[in-house]
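In structure tokens below, several structures.
Both complexes shown next keep chain A, but they swap its partner, so chain B is in the first and chain C is in the second.
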Partner chain A sequence: MATKQTQSAARLLAAPSIGLLLLWMIVPLALTIYDSTLNYTLQGNPVHKFIGWTNYYYFITDPAFLTSIWNTLVLVGSVLVISVVGGTGMALLLDQPIFGQGVARVMAISPFFIMATVAALVWKNLFMQPVFGLFAWIAHLFGVPPIDWFTNDPMIAVIIIVAWQWLPFATLILLTALQSLDLEQKDAAQMDGAPPLSYFWYLVLPHLARPATVVILIETIFLLGIFAEIFVTTGGGPGLATTNLTFLVFRSALRDFDVGGAAAGGIIAVVLANVVSIFLTRLVGKNLEG
Partner chain B sequence: MGKINLLGVRKTFAEVVVIPSVDLEIPDGSFVVFVGPSGCGKSTLLRLIAGLEDLSAGHVLIDNQDVTDFAPAQRGLSMVFQSYALYPHMSVASNIGFGLKMAGVPKAEIDKKVAYAANMLNLTEYLTRRPGQLSGGQRQRVAIGRAIVREPKAFLFDEPLSNLDAALRVQMRLEITRLHQSLKTTMIYVTHDQVEAMTMADMIVVLNRGNIEQAGAPMELYESPKNLFVAKFIGSPTMNIIEGERAQKYGAPTIGIRPEHIKISRETGDWPVRVSIVERLGSDTFLYVEAEGMGQLTVRAEGDLGAKPGDQLFLTPDIGRLHRFNPKGEAIRT
Partner chain C sequence: MARKATTSRRLLMTFLAYAFALMLFFPILWMVITSFKSEADAIALPPKFLFFHWTLANYIDVQARNNYWRFAFNSVTLSFGSTVLGLLVGIPAAYAFAFAPTKNTKQILLWMLSTKMMPAVGVLVPIYLLLLQFHLLDTFTGLIIILFLSNLPIMIWMLYTYFKEIPHEILEASRMDGASRWKEIVYVLSPMAVPGIASTVLLNIILSWNETFWSLNVTNIHAAPLTAFIASYSSPEGLFWAKLSAASTLAVAPIVLLGWFSQRQLVRGLTFGAVK
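Now for the complex of A and B:
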């Protein structure tokens, strides 16, 4: 964009797509905001009366709301920790020259390409099922009672499934970062007498800091909206044990048939997601500058 | 102390033999330059000495101690890399002191040594900066500083100046030579630039396909190259090589004469030639001339000759400085 002319030309050319994008985003948002102010249920009065902030009031004061926020934080936080720490480890392993490296890499990354519902069903029915699941079979081998995951540790079960899906993403990003590590730096560290652990701590980890923040940013955005895994496995339960904000919104709309309340919950979720993303973008921005 | 001996050093990567077998003694305190075209194995040889590659056969001795199986850091050598290989997340001071920190040297002593090295290399005001905030020449000096503080038995330089611009390269060349004179530590320097080799070395080792073609003092290589390869590699512009009938007149199947050892005359001489290109450097003029039956020759004239493309000239080689080679390309000594 060297001259004024190219600048205005660029703006003109970008305008249609930006306009479309804006429309695409603004219209549903506006409709949702509008719905959130109505007494709009699918069972009751067909006339939708304007009721102001009432939907918001009920949504926030609902005891399920705080629980769902907490569940969302636990889910996002745990999956982030597992995928970044585990991803670093996986990336380090996959970076080693081994036989069948290419195949191993594809295998390690493939969970990311499996649909959320399919992955959740496989975990639910083949692994975590307390009677004929793989984990139950292993438990039987050792003579311990199998864990009934979705009854006793539902949140941990959901975290395991979601982390399994997102670990490959972190691995992929961190592996490519590892491969861009300057080999002469490794040589220099060897000449300086750095043992492997120090090499990792002083050179590899700082090098991975940037891609790790990118992973955290992208994953957070997606993990805030986790739904399919919960819907397929626990259905938000038992009780509210695995109900996150997304699931709470779904429940209001399609179990309580309260469209207005769900819209209010949706707007609250949008605000929260924006707060988080502003915070994260700043953090990442700072990290990307240095 | 830093005498390095290579005994039958061999390196193969899978099926490819990079270095068949090299024997070399590098005297203590000398400045040795490994020079050769790219892919000749000079960097590999340096990495073998450093311990960054394992030997396929042979031994490396430092001060008569066999270090073949020693880890790089145990050998007491320092290396300066082509890309400098500075640690980007550390300050200049941490970069220089990292080796000492890894060796468990107390912090106060590290600071003292870093300050000393920084002072020597004019880096004192940059100690808190990151490598990314430095210029190419400054990064180079940081890399050298990192090598100095470890007080090595020998410095290894792997094409350290190739990423610098021409003016800076000449300056750093002088700085490294000065450093060698003040530290008097053995230095092994790898380059493909024969000018760097000629100007800096006590001893030049010319490598070709992993073999040592010739090792000796720069002027020895210049004045009496052992073979055609060395003759062509050392000296700039390269030696003129003449083959066939014209060469037979001087008693060898192949003869070589350096551009600076040819007399130019407008009236009379042994070889009538036609000027095709004139390069004026100010102090010298290089003429590229076409000679019948000899192809293109290069001639150096002092000052400006006033020759133009198309001019007819006569050249007379200095018989005393003619190099004669047998059909195998080995120099014929008389």
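Now for the complex of A and C:
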């Protein structure tokens, strides 16, 4: 139906968004790459000398780098496992014929809408504070010493906070997918007398495979960039215990004022995220054809 | 399994579902309860769950001492500003992609999606320096532009998936009746596009309202939204849990309510149409 006229009109309509996104992608990225080759600090000499790969060399050989990569993997991996497994369970439970499903559903997905700084501070104080926090009181009830979360188990504390925000996301997506499972299919399986387990194994699980993949990929994109939860609870510490790659780059840039080094770290983060995004783009792209 | 479900099974499942749902919801509930306590009750041991002197004092305090409404106003300005810009640029693009697709449309859409996957920290340095250079640090303009551009791909995608579902036959029919392009858009297309646009607006407001990386890094006082305001409570200047809870409750309430009303539409937006 597209005539030549509508085609050029369409181009005109799409042009602003394409142009803006092109700028938004290319300009900062090019500048980051450029900065990453300079000896450039916000304090000290104003001359920014070209130093090639040196920033990358220092960033990668800094022991903090390997620690931050490890922390990133631990954080992303743990939250993925908790949220996908827990989210599947929660979604299956909510999909059962229960009374007042709407209310239970709203309660279960609410944490996803809580802004990161609020989530982190509520958990840090009201729950994990070692003297007055609710967890300390529960430990006291059981006669065990309370855990000083942010001193002794800072990474576990951060994982709990982040998983609490993302498990509801997985629940929401998987539940929506479950509810789109054809009612006729459900009825047919029942009439055939399919036992619940094989019904689950052969019908439900395959149906969940795709949405679960989508959940994993989208969560990974966001989890690689976790920042606020660390910023307001541990500040990356104690030591480097909760410093992920994002936080390390932030620290180099806005705390150590090492523009060149931070830029090099930023490029490394971009490369890592791209590996994930290639998979996600493929997956969503397949959907476009359907 | 609806038919086979006996009442006892149903009760058991209901109990389990509510138990787990309540576990997930409890931190929010506890925050809201704490916001009505006095500071002394907030840190009382054993914790006071319901039987304490309920008070609104924290809400009055938060507003008086911390200028809550100014930060709230900033959040509203930033999320609405970026959403309006996003609609202005996004609707025409999504319209073109959905109604006059070319062989490149798919590639362009996927490329747009890929810009969303660039980690913010990768471009923190140059964006920060650019804002510094143009005196846009801690300004509405600076942060609105960032929020607008970083959410634009999601907006276009979401609008596109909705527009694509509008049957083309209707347009052809109206065209046969001699409707002009303009009339077609105003009388035929708009009414059908409104639900999709509304969902897109909701999602974008939620995302902008809760955005933390940029708002913590490029604002300070003047343009700081609620996310940054709450973060200022992280400095260990004593135990002000009741006030923290009151401020937090105010900060999240509008978005949690919006979220409740738009669950299903959000799924589509957040998964780029891969799950409906």
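Everything below uses one rule, namely that the second predicted complex is superposed on the first by the 262 of 290 C-alpha atoms of A that agree within 3 Å, B and C clash if a C-alpha of one lies under 4 Å from a C-alpha of the other, contacts with A are read in each partner's own complex, and residues count from 1 in each chain.
Operating definition for what follows: a contact is a pair of C-beta atoms (placed from the backbone, for glycine too) under 8 Å apart; a residue touches a chain by one contact, two chains touch by 3 or more.
What you see is a predicted model, and the numbers here were worked out from it, not measured in a lab.
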In the superposed model built on chain A, check whether chain B and chain C fit or clash. fit
Which holds for A:G266: it touches chain B only (first), chain C only (second), both, or neither? second
Does chain B (first) or chain C (second) touch A:L13, or do both, or does neither? second
Give one of first, second, both or neither to describe whether A:P63 is in contact with chain B, with chain C, with both, or with none. neither
With the two structures laid over each other on chain A, which partner does A:L93 touch: chain B (first), chain C (second), both, or neither? second
Under the stated touch criterion, name the partner, chain B or chain C, that contacts more residues in chain A. C
So in the superposed three-chain picture, is A:P206 touching just chain B, just chain C, both, or none of them (first/second/both/neither)? first
For A:P145, decide between first (touching chain B), second (touching chain C), both and neither. neither
Just to be sure I read the superposition right, which of the two partners does A:A194 touch: chain B = first, chain C = second, or both, or neither? first
Looking at A:P46, would you say it contacts chain B, chain C, both, or neither? Reply first, second, both or neither. neither
Lowest C-alpha to C-alpha distance for chain C against chain B (Å): 5
Same chain A residues contacting chain B and chain C, which ones? 190
Inside the complex, what are the residues of chain A that reach chain B? 182, 184-185, 187-195, 198, 202-203, 206-207, 209
Would you tell me which residues of chain A are touching chain C in their complex? 1-2, 6-7, 9-11, 13-14, 16-18, 20-21, 24-25, 27-29, 31-32, 35, 89-90, 93-94, 96-101, 104-127, 129, 132, 134, 137, 140, 164, 167-169, 172-173, 176-177, 180, 186, 190, 196, 210-211, 214-215, 218, 221, 224-225, 227-228, 231-233, 245-246, 249-250, 253-254, 259, 262-263, 265-267, 269-270, 272-274, 276-277, 280-281, 283-285, 287-288
For the complex, which residues does chain B have touching chain A? 47, 50-52, 71-74, 77-79, 81-83, 85-90, 98-99, 102-103, 146, 150
Sites on chain C touched by chain A in the complex: 1-5, 10-11, 13-14, 16-18, 20-22, 24-25, 27-28, 30-31, 34, 43, 45-47, 89-90, 92-93, 95-97, 99-102, 106, 108-110, 112-130, 149-150, 152-153, 156, 168, 172, 206, 209-210, 212-213, 216-217, 226-228, 230-231, 233-234, 239, 241, 244-245, 248, 251-252, 255-256, 258-260, 263-264, 266-267, 270-276
